[in-house]
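One chain, subunit A, links the two complexes that follow: it is found with subunit B in the first and with subunit C in the second.
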Partner chain A sequence: MRPAVVLLPLLALPLLLNDFWLTQVATRALILGVMALSLSFLATYLGVVSFAQATMAGVAGYTMAYFGPNTVGLGVPLPFWVTIPIALALATVSGALVGLIARRSRGIYAIMITLAIGVAFFYFTRQNYTFFNGWTGFSGVRAPEIAGISLRDPLPLYLLSLATAGLALALVSGFVRSPLGLTIQAVRDAPGRVLALGISVTTPIVAAFAFSGFLAGAGGILNVWYQERISSFSVGLGPIIDILIISVIGGLRHPAGAFVGAVVFVLLDTFAVDLIDRERFNTLIGCVLLLIVVVAPGGLHQLGADWIARLRSPDAKSKSSVRANS
Partner chain B sequence: MPISQTHTNANALEVRGIGKRFGGFWAVQDINLTVQPGERRAILGPNGAGKTSLFNVLTGDTPATAGTISLFGTNVTREPINKRIQRGVRRTYQHAHLFNGLTVRETLFLAVAGVRGGWRQVLPLRHNDARLTEAERLAEVAGVTDVLEREVSELSHGQRRQLEIGIALAEDPKILLLDEPAAGLSPAERPKLSALLMALPKDVTVVLIEHDMEIALQTSESVSVLYNGRLLAEGSPKDIMQNEEVHRVYIGGAHGH
Partner chain C sequence: MNKLKLAASVLALSAMSVPASAEEVKIGVISILEGAFAALGQDGIRGAELAVLEVGGEVDGNKVEVITMSSDASPDSAVNAARKLIEQDGVDMIVGPLSGSEGLALRDLSKSYPAVTFLNGSSAAQDTTLRDSSDNFFRFGGDGAQWMVGVGDYAYNDMGYKSVAVIAEDYSFPYTQVLGFMTEFCSAGGKVPEKFWTPIGNKDYSSVVYSIPQDVDAIFVALGGADAVNFLTQYSQAGGDKPIIGGSITIDQSILDSKGPFKKLLVGAPAGTPTVSDYDGEEWSAFSASYTEAFPDGFSAPSIFAHHYYMSAKAAMLALDAVDGDLSNDQAAFRAALTDLTFVTPTGGTMRLDKNRNGIVDNFVTEVYEREDGSLGNRVVKVVRDVDQLLGQDEATFLASGPVSRDNPSCP
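Here is the complex of A and B:
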């Protein structure tokens, strides 16, 4: 019932918004949300914060550019229905590789290892001209046309992004209830104990990273169609930190928080220029982040959920604390 | 993958010269133990005697520094814990570290799937999955049926201990290592636990760490006493009761508290 409550207004959104709002805010938030979802999934269910999600998304984006239409004369153009599975597969593999490298790390060490991978990939794309076209990267990476409908147009791209976001959330909620998904959560809670059940720990960790790579890849494909270009800047520190900020604003305790965070982020990014100087966006987002961390460590999603719970039963909170004390 | 083949004449557990060193400190040293199939053995010893360290080495939670361990005639000294589980070893932990974010049902399901296989499955679980049915049976045996849907983080201490036992009983254990299963239980909960232990099939080998001398002597056929990381005495409960050295280092010490 709940998904429908959210989905119906989102389907009706194009009737209310003009093309600017639809493309610059709604579609962009959905795409960033899918990428951030790949991080919130890892953080929520494996308990690991990864800085390599922009890298996984970038692998998919570069694949779309290399095997798709572009204006730099590099690569092998293939039909989009061939390129998409290749891009998703490569993003999944890249996620699995990151997981394999970071499998023994937790907390700050996992952050450092994944950050190192992300930054290494950033410099690699800058220096490699055979596949990544170096500094400049690819431009003119157009979304395809299906049955006369161009996915470059605002409405089709919005609906595609919405469908991808919905599908990604559904995939996550299904996956975490599967035996492998349960094993991943068990690894989060007590890795040594998982081993003592006769289960290897490496497989669930690598699988979680691979799945997050798949999600990031889906976001990466949409993003390259949205931007119509990809370069080293798409996988640099900027996007790496953006994804993290979005996930933290939304809340790392529930996957859907990624989309709440993305909407806030995109609104700030779009309208910061009206509020304050464009140059001060980082100051603004930094303050928002600080506020979230201090006021609502569980993110906006958690904050909203708490408020709704409180509105429904105003005395619930005091009751529960009494019970905890007795 | 069933690795275990039971050698009918082999001992359930045979430990030769086992030692575990942490830095310059030997937590246990030069331990020899022989446990027959179906035997109920208690490991006694004061705090810090090395009982849990010995268990960790026996199960493979930590590797042994010296010595060999054989289970049913197979040398498993170098095997990691997840391989030993497949051979029928199960244990409970003194300080239960369970999966706080999972429900009791999900935890027991993983205990079954860990041995039976299929935990790599990526499709959502079906309600009629045979492993779920088995998990529910385990919950009944362990007495946690009424909290099946509850998250482990919400369980009481006693319920967590019961869940520990449910996990350890998954998929026909051959040898159960119980690390102070009664620790921290209320007087009301203790008989439930004893009944549960008494109801275990007779062919299951049980090695039990128990701080409480009386419980240990009541429930076991044979007792090994550890003191300062070494084996001090071994024998029937009666022998141990009459052993002067045991009295001096352990019982005397316990009374001194």
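Here is the complex of A and C:
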């Protein structure tokens, strides 16, 4: 019943919003949310913070650009129903590769390794002209048309992003309950015991990264359709940090937090410039993000859930603290 | 989940309160207001605001409102800024962006918004207007190749350089600059045996410094800001003594004022540019004076960015005046007025557009000289008037040479 409560207003959203709000805010938040979900998934269930999610999304995006229509005269145009599986497959493989490289590291070391991979990929795309067209990248990447309707039109793109986001959430919640998903969580909690049971920890870790690559790839495909272009800037430090910010302010404890974070981030990113002096809007964004992290260490999603719980039963807070003590 | 619902209802409420106003002419200005280019980007905004100030903020009774947006030098951010200006703020026209690849992105975007007129800021990639041009994208200024006109000829005939090595950053704007230099230099008979492309923000140039052929007469350096300082420092520390030829953003006053050991290399170095800050032309002095008066906290003189944003915004004001503020019918009359516009630029030339809506401009060849107090400055040695985008060549020949890239043009 709960998904319907959220889904119905979201489906009704196009009736209320103009094209700008629907595309630039709602759709963009959903797309960034899917990418951030790939990070939240890893952080929550594997306990590893990865900075390479923008890279995995970029692999999918570049694949769509290289094998799709573009205006830079590079690549091999293929029909979209061939390109999409290739893009998702390559993003999954890139995720698995990152997992293979980072499999032995935890905490700050995993961050360092994945950041190194992300930045290396950024410089590679910037300097490689055969596949990535260097600094300028690909422009004029058009979303496919189905029955005369371009998927880049505001309504189709929104519905597509909404469906992708819903599917991604369902996939995550299904995956973490599967035997492999449970093993991944066991690796997070006690890798030593998992080994003692005779289960290799490499496979679950690589599988978790591959799955997050798949999610990031789905976001990457939508993103390249939304932006209609991709370049080295799309996989640089800026997007890498944006994804991290979205995950952190949304909250890492529940997958849906990624979408809450994305909505807040997109609203700030779009409208901070209207609220304050044009030269200082980044200060405002920084302050708000700082405030969120200080006030809601568990993320906005957690904060919201706490409030609702407190409204429903005023003594909920004391109960939960008792439970925590016992 | 509930937070999401709340956010959705906030979204919905705000959407209904979007104001709409038909009386005003709204101009969106996109410039880089964050990161390394922030100070220069701010000067671009000043240029656009100056043009609006000059007409008193209204044209034929129509108030002109300027709305600024920031990009961060990436094409994605420029596109997002433009989309917000168009769809949320409802601007009638956009002035901007600042850098080359952003311009290509907005050119592509402009095809999706036929009801909005795009006036380029200072971005100077060649293909923004030359190939695949857009009917509602105008550039009242030149591209990076036009900005180098006169230098290749000056280097070959006046300085007597027969062979020049090129070192430049690896993206669209330096490619275009190198094209502008080589087109003249190679057709005069010069040779460019080696080109070095370095990533923007490169720190270590030692591999390039030691690879520069010994038998070249000079080095053409198309690097900007810190990259130029780093290269010139490392080159002179390694004992390099070849004369330098500069690109449009290589030898600016900040480099001349820095204390590097490369100063002796720079004296006499020629460079090409559409804007000389201390040019003594009559129109420029007037422009510079009104800039300083309007923006006491600005630079001591308008930069290349203020100059170009000013010309685009001024063109918009003049065309608006010509059609009495009539922007109906997808701005058809306004665009026709823009296309036929001629006006005197701050550098004293006559601005008009070619058939691709690219400016026919003046260009300067400058050289570095030592002032009496020992400091360095740029002075004008040659003014080339009426430079078009085809660099004076036949259109078919020019286009047949293909899009500019690392390997095109070539004359080893």
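FYI, the second predicted complex is superposed on the first by the 312 of 326 C-alpha atoms of A that agree within 3 Å, B and C clash if a C-alpha of one lies under 4 Å from a C-alpha of the other, contacts with A are read in each partner's own complex, and residues count from 1 in each chain.
Here is the rule we go by: contacts are C-beta pairs under 8 Å (C-beta built on N, C-alpha and C of every residue); 3 or more make two chains touch, one makes a residue touch a chain.
It should be emphasised that the depicted structure is a prediction, and the values quoted were computed from it without experimental measurement.
Student: Of the two partner chains, subunit B (first) and subunit C (second), which one does A:T202 touch, if any: first, second, both, or neither?
Tutor: After superposing on A, A:T202 lies clear of both subunit B and subunit C.
Student: Once the structures are superposed on A, label A:Y129 by its partner contacts, choosing first (subunit B), second (subunit C), both or neither.
Tutor: second
Student: According to the stated criteria, A:F20 is in contact with first (subunit B), second (subunit C), both, or neither; which is it?
Tutor: Touch partner of A:F20: subunit C, not subunit B.
Student: Output check: A:R188 vs subunit B and subunit C. Expected answer is one of first, second, both, neither. What do you get?
Tutor: first
Student: Classify the contacts of A:S150 with the two partner chains as first (subunit B alone), second (subunit C alone), both, or neither.
Tutor: Touch partners of A:S150: none, neither subunit B nor subunit C.
Student: Can A:T283 be said to touch subunit B (first), subunit C (second), both, or neither?
Tutor: In the superposed model, A:T283 contacts neither subunit B nor subunit C.
Student: Return the chain, subunit B or subunit C, that is in touch with more residues of subunit A.
Tutor: Ranking subunit B and subunit C by residues of subunit A touched puts C first.
Student: Tell me which partner A:S178 touches in the superposition: subunit B (first), subunit C (second), both or neither.
Tutor: first
Student: Of all the subunit A residues, which ones make contact with subunit B and with subunit C?
Tutor: In the superposed arrangement, which is not itself an observed complex, subunit A uses no residue for both subunit B and subunit C.
Student: Show which residues of subunit C lie in contact with subunit A when the two form their complex.
Tutor: 1-9, 11-12, 14-16, 18, 33-34, 38, 42, 45, 68-70, 72, 74-77, 79-80, 83-84, 87-88, 101, 104-105, 108-109, 132, 170-172, 199-200, 405-406
Student: Please output the residues of subunit A touching subunit C within their complex, sorted ascending.
Tutor: Within the complex, subunit A contacts subunit C at residues 2, 5-6, 9-10, 13, 16-21, 23-26, 71, 123, 126-127, 129, 134-137, 139-140, 227-229, 231, 233-234, 236, 238, 256, 259-260, 263-264, 267, 270, 273, 278-279, 281-282, 300-301, 303-305, 308.
Student: Applying the document's contact rule, which stretches of subunit B touch subunit A when the two form their complex?
Tutor: Contact set of subunit B toward subunit A: 59, 61, 80-82, 85-86, 91, 93, 97-102, 106-107, 109-111, 113-115, 118-125, 167.
Student: Looking at the complex, which residues from subunit A come into contact with subunit B?
Tutor: Counting only subunit A, the residues touching subunit B are 174-175, 177-183, 185-186, 188-190, 192-200, 203, 207.
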